[in-house]
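You will see two complexes here that share chain A, one where it goes with chain B and one where it goes with chain C.
Our next item is the complex of A and B:
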């Protein structure tokens, strides 16, 4: 009984239940949904949002947010293709991608941590700035399949015993980030900061350094995710990654990463991303016109937030991040 | 310390925005001979009308400590409702009313989720951003409605006779004026600030916090719908993907205008000056020959400056009056 109560409090539970419910429910109506190809589609389609959601978790648990990720991933996916077509090696272009992401993250982190500016405003500003620079650099250029490094193309097309390599990357990243966030002291500090920033400061956590670190990590992973995006789409233009940031935050929220900070895991974030992708395909399998997809997604996110509030024991709150202090 | 002396020496960002607006107009006028022409001014006003109208409501919402990311979707949903009902044979005037009603209801839904269910508005409105936009697709599928009554479309594109002002100026000035008056001169307006500073204390001092917030969300929905009507007429089309991404422009303008994202601080004229500035800069940059990309970078840069500069002045003020005990008290600007 105690165990059951504990299980009910697991923040990822609503996401997992939703995942199974939709899978079985859709499969019962349309048995073709159980076919491996659907599973494959889900795993292929989810990779980009899942990786960004893992990265976003670092900042959301601190009660912060990073809206610049959509611009960053678009920019780096373009850079990787553009630079490799100019003869740079894969390692070099990946380094550039990580550096670009980490630099944007460092700027975000510095402004948020050391100047005490609100992350929503700062990252909204860098969303614009990075997108503007991207548009200028990439004006009139499109990365096409022939420009994509062949290793990435291969990665985007092939599978390992039926599991797309792209999803294996997601799982690997999830495990690394998950273990780190669970075990490492610096990462545990992020939860403390998210639960109560002033208390975190008082118990001696180097809050500013941790915030900077988390933003740099989010930026670096989002930058590297540009490679996954390029592998998946085999093309990139100035439209790449446009508006992705809100989808990523939605995936986190659905997966139980509370926007009020202090709770949630990268595991939940990935589940949230998979759930959104699964619904997209379920709508098709159920014969619902494709136009309903976005509306259903929205309704589901509301349900997830509501359920999360119902299941969590946190105090009722009223500000935009849902936090009390 | 008398209240007067404090206010006399206070530099606040919203005043900076007004200076900035004047500077932008001057630079634009010197930079291009086409800038200060009637047709360009008309164009600038037309291009900011929707964002300005939504920004008035967003100003209230952010000052009260909430946020609404679904405004662009509500705008599109109201536009889609107008197109859908007109196509279904409803007279255009009635279709507009339906569009406004839909916006009001959408705003109410946000408000109920936030106030009655106690959900965080940032998360809720990301969800309804998807929901309302999704409903646009459900209503119109991928078929935009383009056959709208020509005299209405003319209203969305022509100027008021004998002036260089587009018709959209009338609702814009009315809404901005009323919003300014209510925010800074009525009890309701004071409540909004107090709620933003401390919702718990507001509740205990008898302010109907939930009711006010619910009303603000509904108002934001309605204003988004008004913007939706103007948008529909301006582009002579109701399409499911109209105005995507406007929500961030609106929020950027409001924050640039000196409203604090944490709530409790801001002025309506600061926001209006900010919206105008952004329109003027866009036009000036385009006329001088910069690309639209420069505008993105400039918008982002301005947004950053708008949060950094008050922090710097605050720091300098605290340095200069360190001896005073007063300086430890964090001051909030109400007006």
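Our next item is the complex of A and C:
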């Protein structure tokens, strides 16, 4: 009973149940959905959004948002290909990718934390600015397969016991970020800030420094994710990563990362990303026109938020008398 | 309760001024380990400022605070906690999404190496809850906890930092009587663990039931400190008041006309009951009583922003429909609410917009609101109110509290009401502006405006009101004439002390 109570508190539970339900449901209608190749397609296709969703979780738990990640990942995936084709080493180009992401994150974080500007607007602006710079730098150029570092090409094509390496990267990052978010004081501060900003100040949490730090981390991971994007598509142009940010936010919300801050995990964010990817494939397998995919995503977001609201209001107001009886 | 040793906390001659207001004017406080110490005084006596000095929110200008014989490091809430002083406010601010265990240790989570040790944290927190005899699941999140439970979590937090001084600021104001009893037993446990507990309350019966000692403040000064067993309720009340009040606010003489407002047997379940009075033209009726006695609820019901269950309200002999503020407004009633930031003003908008918003309909020219009309209205009232501002297009959020309050008054006076209800019209504004507001209201009354003035400040109600309606726990306990009213009488009626002075 106590275990059940605990399980019901797990915010990721609805996402996991949804995941299983759609898998089984679709497979019953179309048994081909159960074939290993579908599972493989899901894991392979989800990598980019999953990594960005992990990074996005850092800021969403603080009741903030980072919309610039779509531009950042597109730009760095292009830079990695473009710079390697000019002879830079893989380590050098990955460092550039991280630095570009971290710099955008630092600008976002500074404007939000120290100037008190709303993150929605700040990162909307940097979304355009980074895309604008990208358009200028990448004008008329396209990164093609021959320009992609061979290590990345290899990563994008191969599997480890049937699991795409790209997804293994996701799992590794999820574990590192997950433990950090759960067990480091600095990351716990992010939850406190998102849950009650003014109280966070009062208990002596360095709120501004933490906000800056989280945006830098989101930016850096999103920048590095450019490598995964390049590994997956083997090409990059100024169109890369366009509109991805909203899918990322959707994945977080569906995975139980509360947009109101204070709760949710990177595990949930990955679940959310997988769920969205699964639905994409399920729609194909069920013979539903692909046009419906976006509408289904939208419905899912509303369902996720509605469920969240329902669960949080269902927590009964207890009092010390009631609790003892 | 063996009180022989050195005081754990001693404040001496504390002074603190905000602008021109001397909030603390030589306050003394001596606390001993193992005692529950009541801190008493009227609103504005300086209790809050004193508490905030102990909490590390304010730094005193001069005087000393010693903690166990060492100077107390002031001006940082974190430092105050680290030194072992914890202040628990009436409405605690927990982190709703975090578990109770993490709420207790937030910002200083227990660690094993570099990682947060959740198991240990849950164990320690559970132990502290058990010590206080409170059965709460430390794994649940704080969202949905009652105020009483939230206070308990704050107390646990204080225990977890080994607080030696635990200050509770009016903790019982929002609690049911069962919860109050629970809090009392927790407070006694803390005392037995050798903490010094400071208990701020307006309810004297609670003070007598719980406390060992008491200190009374008035006008920022400590008036006296005494063992509870050595003092009577009436002596405490005398210490709390005892000041000449009549000179502060010169009230202009006013002649009363016909009855404009008649309230009969007004009642609302769980809020107030059997409220009946009449208000005449030119008269100021004061509403006195403790915070939470139902005064605001009554005036809100009269004005129609809230509804009521029984009774009637009539203006000029005509019944007002219940729960319809627009009808009350067209009948000439206006309400200046208690919380001006939330309910009274559009903070980011201009002075002109805020002042004219109540009379917009009159300013409409060919379908749009005349900007010139707005400015004319605002200009007129800015003059009458002696508003201090740079431009009428300034956002009101940038004005001082006093000036904001003047605008709220102005916008309702602009409707040319017959009956004006003001709820705490001078809360949080400086003395100078205060007397200007009083002058303004007094003038309007002289011109025939009927006023209801809800106020928690005794000098204000004694100085301004022609008659005073005293409320206690939702009941109207008396209507006093200006001549028979006194601070002692009002406090006695409002606190329900049976003893008469």
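Quick note on the criterion: the second predicted complex is superposed on the first by the 312 of 325 C-alpha atoms of A that agree within 3 Å, B and C clash if a C-alpha of one lies under 4 Å from a C-alpha of the other, contacts with A are read in each partner's own complex, and residues count from 1 in each chain.
In this text, a contact is a pair of C-beta atoms (placed from the backbone, for glycine too) under 8 Å apart; a residue touches a chain by one contact, two chains touch by 3 or more.
These numbers were taken from a predicted model, which means no experiment stands behind them.
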Applying the touch criterion given at the start, work out whether A:292 contacts chain B, chain C, both or neither, answering first, second, both or neither. first
Contact-wise, after the overlay, does A:182 reach chain B, chain C, both or neither (first, second, both, neither)? second
First, second, both or neither for A:136, with chain B first and chain C second: first
Go through the superposed model and pick first if A:16 touches only chain B, second if only chain C, both, or neither. neither
Could you tell me if A:198 is touching chain B, chain C, both of them or neither one (first, second, both, neither)? second
Between chain B and chain C, which makes contact with more of the residues in chain A? B
For A:125, select first, second, both or neither according to whether it touches chain B, chain C, the two together, or no partner. first
Interface residues of chain A shared by chain B and chain C, listed 316-321, 323
Chain A to chain B touching residues, read off their complex: 65, 67, 111, 115-118, 120-122, 124-129, 131-133, 135-136, 139, 242-243, 246, 249-250, 253, 259-260, 289, 291-299, 301-302, 305-306, 309, 316-323
The residues of chain A that touch chain C in their complex are 6, 9, 179, 182-185, 188-189, 191-192, 194-196, 198-200, 202-205, 258, 261-263, 312, 315-321, 323-324
Going by the contact rule at the top, pick out the chain C residues touching chain A in the complex. 76-78, 81, 93-98, 102, 106-109, 111, 114-116, 118, 134-137, 139-141, 143-146, 148-149, 152, 178-179, 182
In the complex formed with chain A, which residues of chain B make contact? 65-67, 69, 113, 117-124, 126-135, 137-138, 141-142, 199, 209, 244-245, 248, 251-252, 255, 261-263, 291-301, 303-304, 307-308, 311
